[in-house]
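What follows is a pair of complexes built around subunit A, which joins subunit B in one and subunit C in the other.
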Partner chain A sequence: MAERTGVIHDLGYRRYDGPRDGTATIARTLYVTGLRHAFGLGRSGKSKILPFLLLGLCTLPAAIVVGVVTLISLDELPIGYASYTTQTQLLVSLFAAAQAPVLFSRDLRHRSIVLYLARPLPAPVFALTRWLSLTSALLVFTLLPQLVLYVGALLAGLDVSDQTTALLKAVALLLLTTTVVAGITGLISSVSLRRGFAIVGSIVALVVVPGVVTAVQAIAQAEGADDVGVAAGLASPWSLHSGLADAWDAGVTVFTPPSGGWVVAYLAVAVLVAAVTTAALVRRLMKVASR
Partner chain B sequence: MTEDGEQVIATTGLTKHYGQVHALTDLDIEVGPGVTGLVGANGAGKSTLIKILLGLLEPTSGRASVLGHDIATAGEEIRRVVGYMPEHDCLPPDVSASDFVVHMARMSGLGASAARERSADVLRHVGLDEERYRPMGGFSTGMKQRAKLAQALVHDPRLVFLDEPTNGLDPAARTDMLRLVRRIGADFGIAVLVTSHLLGELEQVSDHVVVLDAGHLLRSSATGDFLEQTGSLLVEVVGGTTERDRFGEALAAAGLPCRPRGTAVVIDPAPQLPVHDLVRDTAADLGLGLMRLQPDRHHLEDVFLQGPASAQQEVARG
Partner chain C sequence: MNATIVRLAAQALLGRRRFWLLLALPVLLVALTVLIAVLTDREAAWPLLPGLGYPIVLPLVAVLAASSVLGPEVDDGSIVYLLSKPISRHGVALSKWVVAWAATLVAGALPLFVSALIAGGGDRAPAIGLAAAVAGTTYSALFLAVSALTRHAVIVSLLFVLIWEGLLGNLLSGVAWLSVAQWGLRIGYEVSAALPDPTNLVWAVLASVVVTVGGVWLAGDRLRSFSLRGED
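Let's look at the complex of A and B:
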């Protein structure tokens, strides 16, 4: 039995006596790696194409708007912060659908999850860290164009406090919405491990269902059955986002805006969906790892 | 070698049921430093035991400790100082061995530069020097096993669990892997718990062998005890069963108690007789060429032939 000392053995095996990070630092490393991977950074060149293409498409209109505002000296932005997200929600949805599997299918499909969970990070911390990476990636993706708008607005000499208030409202809404979207797409990706199925599933949840909800709301408004439209708004993350933005006067209008108790219901459903999907994610990872 | 008192793994009454399946039943095991072979047929409960010790699975009942830490309360501490090479595939195909092992080192708490340094070291030790920058999807089974082993060693654990490291390897790669296992225990100074469903495979590399049978402990003892000489002699002559039988009958006629085993003849101890001389003369008289003449040893397989009854006496050894 060789002694456990720092001695260099004949065969050249060296012991490691240096420092070892605690759980919080390991979680931070995992978080940063996950955030980078969501944009294809630190992965193959091919993996960077789609996220950056979508990010470019999503930010380009903001840059154009800024150019126009500066050139012709408008006294307000032609598009609000919150409604910018609503206008680009298809791109955000595609980004979430395509990149959630990077963080939630890969480890499970290739079973490297077992290697993670045989390491110090407890399974719930691992799952929550992954979810936080995805949420942050979505925030970066949605906030970048808003920051472009904001900086442009200030450069064009628009009122600082008006702009800041509007931006902060949009950010608060995004904090809630990205949480929900990350929970939904993460859970779908962790259940259907084939990337194609995961993407299709997420697109149904983020594009098809919201489309149907909007149609229902339009019909409900036309038929004078507003409550039906408001209730339908609970069924998708984007209708929750727009509905709350409308109720909060954040520069978005929907066919059937929620009011009174409905606003609370919208908020409650958003928080609940975020919490439930995240908890389900944790359970899912732990179950797969024990097999 | 295994008797310096340090206890690496200890279980008491460890039991795991998957619904109706009793994967482990009331298991009491002690494992010391060095290489310990955990042997048993498929489904014996080897992987289940390892997953429980790592905290990936909860036992139905019973207790266990790893390196002095209780699995029920100190899973995180255990996983900090333990390495794990799973039985099944666990490598992402589109990542290079080097990137992957570095990342896994960081997940064990090594800083960025230490992780890089140790990955390069460990990949060299497992023999993945040239291939380490290639995506692992293109690796052969042998190379994948080495990459799996590298990630288990990269944080310099005090104990590694190697679950069927030779599975799927051809004979040459199998020998290499077993030699590596031996080096980890003997030269790296890392305690090893290594499993195999092939009973004879771990004889050469283990200091100690634990045998599981359908979730029960069949036997646990130092490898030397399994291989101790029986006092019998194993002889083989050139030819087939006809020659073997002619030879055996002649030996019996000369007064030696013997019986056939495979292509050989086993001669039981006969202290009053000049056994070697009789064997040589009998073969010469019959005109048969002597191919093999050696002391007979127990093998791990014999444990199963002996069955649980006689194994019970050995269990207490720990």
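Let's look at the complex of A and C:
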């Protein structure tokens, strides 16, 4: 492509010589807009229903747990932080599947991507910013219930250092898992532009495949072939999350927990999947941009 | 019923990538059943059906089929060309439903029956086959109606299947009275007692028929007063 000298606001009128915000400002604005759009903020009223319905469904059990802990004064939370995410993974998956197309499909389907890229923002930065918006949205979605649990636990007078350690472990796991989930759903929705099919594709990756993995692990454990189950756990983001949480003693138990070298393999696969899907996302956007 | 619309809907369903997605789900289910049956024993593969095949693969196939016959046309607005033809809107809905229904049976209920035969068989196989056929019929009509009602048909259908029938259905047994999957199971229970028997038979049959007929009628009715809207 030839070196671009003018951008879309250069229409040949008298030039603007004042200060211009650079790429960083554009990227930051785009990031904030993307994050708001993932929750339907700044969009029509109808678009707010689904994300907030799911967020409510995901947070309600945490509030109930806090209520129970307070009322019958337990000395520990009946459900751990990391295991809370495992229990609500269906809601997180639905949120990711439904909102990733909002950030990735719409611009490509309506070709408004051309307008974004006419600004001095490189396509890779655009892709990474969108990806970061989705990751952050998923983090907000998964961390809100954890915060409710944490604040509730502290107010109920549970041990501060225990709770903080457990929470930090869960947050570290979530940082890894949300990047993987955002990479997968983002890539699927940037390839499959029909909203419905992107959603079904993400659901297959985030609900069906983990269901298959869990079934295989249960059977492997019953048959005494634990290694098969541990290897199967590499195949889905949620089994990676639960497997790592189990190995790290974060209050989650899986049928076939990984140990020794397998933990490293789980970690490596998670990082690799996150990196590869993000790189593929950047490539996809660059391909679209060069058309 | 209109043969041309049936043919066009079938082409829309079988054309391009979505066909592979539709095909991948049943193939995955059967392959997994075969793998487990070969590696361990046939009995060990059975839990896959009530745990994965029936509650997830079957409705996903129905969602894909029902939204593929109507969704893309509504999405890109080309449905107005179809609706401008002097064909009864109920005829359009019925023709489209027949295609979605056939696809759900072939790609959803049939693989479930085959998997059940591989996983031990006995009278459980025809039972879950019947349950899947009944639930598949009801699902396809219900999801077709949802496709005609809202642009967010896929996510609404998935919420119904995964949250209402799946998550809440496991926690609250009363959900069985308003769950397509449980009606199917109740009818399959008549063939084999190995299936659970949630509600009662009369209710299950009546509800399945009402939702199927009502779903197709509602889809036709929505097409009668169809208005094109922009994206929200």
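Everything that follows uses one rule, which is that the second predicted complex is superposed on the first by the 272 of 291 C-alpha atoms of A that agree within 3 Å, B and C clash if a C-alpha of one lies under 4 Å from a C-alpha of the other, contacts with A are read in each partner's own complex, and residues count from 1 in each chain.
By our rule, a contact is a pair of C-beta atoms (placed from the backbone, for glycine too) under 8 Å apart; a residue touches a chain by one contact, two chains touch by 3 or more.
Treat the numbers as computed from the prediction; the structure is a model and nothing was measured.
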Partner chain(s) touched by A:I26 [first = subunit B, second = subunit C, both, neither]: first
First (subunit B), second (subunit C), both or neither touched by A:L115: first
Which superposed partner A:S105 touches (first subunit B, second subunit C, both, neither): neither
Subunit B versus subunit C as contact partner of A:S189, first or second or both or neither: neither
Subunit B versus subunit C as contact partner of A:S44, first or second or both or neither: both
First, second, both or neither for A:I219, with subunit B first and subunit C second: second
Subunit B versus subunit C as contact partner of A:V208, first or second or both or neither: second
First (subunit B), second (subunit C), both or neither touched by A:T178: neither
Partner chain(s) touched by A:L94 [first = subunit B, second = subunit C, both, neither]: second
On subunit A, the residue positions that both subunit B and subunit C contact, one per complex: 43-44, 106, 110
Subunit C-facing residues of subunit A, complex: 43-44, 46-47, 50, 57, 90-91, 94, 97-98, 106, 110, 192, 194-197, 199-201, 203-204, 207-208, 211-212, 215-216, 218-219, 222-223
Interfacial residue positions of subunit A with respect to subunit B in the complex: 1-4, 9-16, 18-23, 25-26, 29-30, 33, 43-44, 106-107, 110-112, 114-122, 289-290
Residue ranges of subunit B touching subunit A (in the complex, touch as defined): 1-2, 4, 33-34, 51, 54, 56-57, 75-76, 79-80, 82-84, 86, 88-94, 103-104, 106-111, 114, 118, 121, 125, 151, 155-156, 158, 183, 186-189
Touch list for subunit C against partner subunit A, complex: 17-18, 21, 24-25, 28, 32, 36, 40, 44-45, 47-48, 51-52, 56-57, 60, 63-64, 67-68, 71-72, 75, 152-155, 158-159, 162-163, 166-167, 231-232
